[in-house]
């Protein structure tokens, strides 16, 4: 079977699901952040794959991926900053114990 | 905060330094040339031991800070005896090492015999000898010298007169000899000339009693009179006639009276003044004059506050005598420090113990009298550079005058002989009779001189030695053999010694208590018991006998190469050479005890105490640079 | 800025304190243990004395009592003084002078470690050289290592 | 890394490359910042005081050498002076001069080591250290010439020194003191203006003079804070009153000043040695004192200016041949008192430099 | 199907080589490995000998002629030494870390042109590849530090990470300037474009790159990662045996790597008269080594915050200015002759350095506790 | 052929690494697995002829993001606590599987308009002109830059000490 | 004696822990540790292959002895002196002074060992990777030297670790140390991998 778009899409979906699971089921904020990064990467794969297979002449998908990476970097920066700020205040980053935002 | 203030030029300079050094010659294993030129190694890291020189005295083992030298000697000496330092140092060459051994063996009478072989005043010496033997005692380098005088005193206190059995009396020779002065020199000369030369000897004494300086210079609390009298009695028994209260004015008159020879032994009885303005004030006394007055039983009035100028034994005697005469406050003024004081240490100790104050680094600069009270003006001194005698010369500190109000001042600086002009002999500027050094002959025929009159103020033992010398000389002059030696003690077998000398200090010398001491002139010092004496003899290193060293081992793993053993070895049997230490492997425990570091029986020049036998040791070149 | 001799210092002290509190003896001041801090702060605080520099603190075991020896000097006046304080062997407690001279900190700990004299008021009094569990105080005269 | 994080405890030593021996520093770090330290010492506690009390006086001289093994001469000299004071004996002139020459040479050697270690701790790859050891080796050669030992000399004796100088010593010494200023200039070129060294040492670990005095700090560490206390000048011992020399002080009291202070003191020591060599008299080097001595009863405190500060010996004699009490006022130990104030708040790397700039020797601290 | 993408490009470039693509790959991989290891060995020897000379001593000279076999002896000894693993810490990561640290450094050499076209793969993203791959090495170092379970190694690793992240930015910017001038990301093309070495055209770029490279390779004065006097041996404190050998190799490979990159980008790479190009490459590399060793023999070490401040406050602004100036030169004066650009740029470097040194302050005061 | 092998290998690595991220107990190892995952994704980009993106992926995700995460882990001492699931573990797992099934079905069921055009040789140049060229994304690039700046400033503000 | 990781929370606990460690070591270390290399003197039966491997291995080991930093006292300065320019130990490939015991081959015991220090040295030795050697430098290292009688001094490093070569001296001169190292090199030369690990 030749390598096709579906392969990449399915891979993307699988990675996304893993990230999805991690983001929802884990206690540690860092792990959640990492899971979100996996989800972003999964999306990037899909973007690049579409770019490669659907519009090979145009690199719009890759351009979007660049933006995605930038946003991901920004998100990690802010996310980690929040985590550290919370940790410093509460000595934990267990999201189940952080009910600061709860109403 | 700081930035790059100098735009990196500091870094650039540093880089330049390293670059410059990159092209320098490497210094590895290059010793600076100074090192190669060192002619002799002072101390290195290989310890060597010479069985030739080692006498087995254990000093090295005991000086090691943590005991890494192990030494075992056999009980019997291998060589000897040779002349020990104490023997050599004694002017009369009394064999102290030998009588110490005899005392240890419990033979005090034999010991007295050994003393008697050389001097006719064993008891006097036992009480007051200045003991040059102790100063040169090898043990003295270690801690305290052997108390040779005290041991002698123990011997004479326990004498049985054994020496008389072997005593030799020479046949009369018919010659007559006159001796002027009954001091130690005169009486010694008379004794030997009479007993061993067979001459008939007459001693003329100007004072009412014989003894000279022993009598009038030394207070009775140091030399009880009966001891002196006993020794003089022995001399008289040997045939010497003593005529007291006879003042001889001219020796030639004696020769004319039929004497074949005349010995002038008049001693040094004139005190030298302080030499400052006002030293002739009433209340300023001469040291010997003061002592003579007291010892002859004459009354001397002293005030309460007395200062004694000087640091010699006369000064101590004067001060202590003054205390006994009732002076409440006695001060000794000395211009140097205690370390330079010529008086013997125990005298100083005793003086201090009797409440006498000693003012150091002060010199009198003038005496004034005011309302019957003397004012001694003193100058503070400081020690300057060393003079020829090796003592540091006192230098006055400007403007440091201070005065002491006193009742009496005793100037005990020094003495000089009184040689009447009628003697018509040559004297030098301190009034000593000029004699030929070997024969003690004066410029005049048949007239000899000995003792303090020749030597200046000296010690009893020196005077005795001088007397012996005079006796030999006179005997030879009169046609005798000059042999005045005799053998009084039995021949000695070299004594056993199981272990080294004892490590203890001198046993204390018993003295009558302070309270009773100051009231009169009873002898202060008490003799030793047998135990103390034997205890003290155990300390003797026996420098005259070489013991067989069966085992000499250095624990190389323990040695720290401090060099104390080498330095303290009195006999230069150890040396350290310049080599580096060798490592070793260990197979189990065996090699830890290896005597690898010790190089026995290899006499290399140490350069430690003998710079003259030097030779450069081969330079150790371990590392050869391959570049 | 006048350097005072020992006698002058002793005179100043004796004028202020009773002889049972402070007594001069052989070139040193012998202070009663309970008055140490008072005397020391007087020595430290008086301008003409101004002993601002504590050279050394040590202790001597005189078999029966300990003697703590303080060597003081003044940088301003460059005179110096020796303080000696006795404390009995059965109750070896001394007031600490760390509050006056911080320099005593390690030295008092050293004395505590090796001599077993404790200093009341010392901020961190524990063994300095030897390890926890070491038995005895080695500089005491009755100590024997047993080896 | 300005992030505030959870503090953790770092155990520096006892076998750490820059603890100058077996010193242990329990440092509580917040990131790289030291927020608390606790010095733990005693890893070289050999019980010298007890050993000395169990030995005779002369056998303690080797022990004193081993107190501060970088400045053995100074220590044995101080001890010998204390015993001489107890005994009341004086020292021949020549011996005094020899002692001064030896002690000042020792000071240069010790300072060379100290400065070299500071450079090492700042992170030079041994180069200044090696250069300083190069000159130190020359001093050790001079000592070797005199004593036959390189490090622990056992040269001082009661009443003088062990033996006279060999005749080659003075020319070699003269050569050395002529060359040494050039070498010191080379160190200055290499280090003194190096920007990295400046930013690593200036303003770091400031020891204010009031704190220094209160903590009884002494020696170059004290003088770098601006307090001109030098025993050689304020309580002259031996023959130091005969020489002209300055007591250099610096003002800031930071690591840089402590480093420069030692360089300056080396120059002053060279000055003293130069004068001493010129004035060196002939004569005896030892007044004949017996090997075993029994000082009279009493106590004595003698302090000298050792390379690391004020070294004191407090001896109590009970009249026997062993000291009854033998106490050493070790400058290194007492100089450690303000360590906490100096280090806290600085980075770990600074802590090492500050610690190094105090220049301690464990043998002396732990004894 | 043929290999696609970049791989196909690489094979296309290498098609003039004997044998097919895989053989080329294999041969070149071996050549690179041999080259790196040999250079590292010579570098270690050179460093020890040169440091010795700086310190007026000979340095290792017993093993082999002039001590040349000394590094080999070291390697054989290290390899046969017991491989200890600390009782605590993370064993798996401990095992992996040296490889993770070493392999990226080795991978970098894939794009280094030893000769015209003589390289494993002439990627058109060459410099980007170098930067990307070399940043992976820091993960390896962090893994060593963490897995050792030792606080010293952790501090060392943290320092390494901080240092790498900080210095990557000025380095990247200085390389971007080079890319602007050369008009290509490929190293081979950059070398080919250097009619004069870019050190003359880009003096500022070279200075920044060199300083940043010192930091990237953890060389004095930025050798905080294994600062002997502070954190004993840094990140590799718990390593022994084979794994330590790899870490040791990695450290020196990084030096070789920065020397190779500096040579290619700034010193004209393999270009040079008379001698064969490869030799020129090696000679230039060793010139860089010499300077590195010389610096190591002289300079003290900066403190971590000073290192950071230096990167962010000193190098980064200068690198930005350099990038802007270079961009302006490229855009507005594309045909500028070298003889005019070189003095202009050198003057600019001097002026900027002096100016910046006046304003720049290394921070780092005491933290109030 | 090579491309397919590469794809499958990378896929397996990526999925395994991603699974490891969510399942490993040790957070440090999880972060290492994340790096592995990122590297595999970079490889996948290469197989998609996006080599510039691959380099960017390594540079930013591995060199910066992952390292930042590791730093955060170190700073928060998360390693000592370990990674645990929360109470929602099982429901989330079920819904994830559900989502996976649906999405895979959707992907497979959709007929994608795949075009087979020749690939671009050098994507870097093309990407550059795409981003900055005529009618490109110059505004979004600026916005992204602004976003990054904002994020950095925000992060610094958040963790700054008082 | 690897120390287990125990949780220690306060300084007092730390002190107590250390004290217990010291006392335990003190109780168990009253006898010298025997040298493991007693086979040194024996002529070994080796085959040709092992001999050549031995030659290479021993050459590399003796040419690259990396000492570990263990500088308790005085001897350290002679050790540093030996590694400084004048004596330059680096000629023997010993210029890499490792702060980390893991990478070091040689423990040079430069100084007096106290009981308080003994667990640390023991630990240092245990942390060193095989093959490792120990040179006891100086009188204190061999027997405790002048401090042998002290209450806190270990009488010789061989109570704690097996010692290969003893270099006497107080402190040994650098030449002596180099000589000791030369002896150690000879000793290493006599090793064989066929007997290793026994």
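All chains are identified by letter, namely A, B, C, D, E, F and G, in their written order; residue positions are counted from 1 within each chain.
Criterion: a residue touches a chain if its C-beta (ideal position, glycine included) is under 8 Å from a C-beta of that chain, and two chains touch if they have at least 3 such contacts.
A quick note: this is a predicted structure, and the numbers were derived from the prediction, not measured.
Each chain's centre was taken as the mean of its CA atoms, and the one lying most distant from chain A is B.
Chain centres here are means of the Cα atoms, and by that rule the chain farthest away from chain F is B. A separation of 37 Å divides the Cα centre of chain E from that of chain G. Centroids of chain D and chain G (each the mean of its C-alpha atoms) stand 29 Å apart. Measuring from the averaged C-alpha position of chain D to that of chain F gives a distance of 61 Å. Residues of chain A in contact with two or more other chains: 2, 84, 88. Residue positions of chain C with contacts to 2 or more other chains are 127, 129-131, 138, 143. Counting partners per residue, chain E has 1, 51-52, 54-58, 61-62, 158, 228, 232, 297-299, 362, 364-365 as the residues that reach two or more other chains. Residues of chain G that touch chain B in their complex: 32, 34-35, 38, 40-41, 85-88, 91, 135, 139, 142-146, 148-149, 156, 158, 163-170, 172-173, 175-176, 178-180, 183, 187.
Residues of chain D touching chain G in their complex: 14-17, 21-22, 26, 38, 42-48, 50-51, 54, 62-63, 66, 69-70, 113, 129-130, 133-134, 137, 140, 150-152, 362-363, 366.
By the touch criterion stated above, chain G contacts chain C in their complex at residues 12, 15-16, 18-20, 22-23, 115-116, 149-152. Those residues of chain E that touch chain F in the complex are listed here as 1, 3-7, 9, 90, 92-93, 123-125, 128-129, 131-133, 135-136, 138-139, 142-143, 146, 154, 158, 161, 164-165, 168, 185. Taken in their complex, chain F has these residues touching chain E: 1-4, 26, 28-29, 32, 35, 39, 46-49, 51-52, 55-56, 58-59, 62-64, 66-67, 70-71, 74, 79, 119, 121-122, 124.
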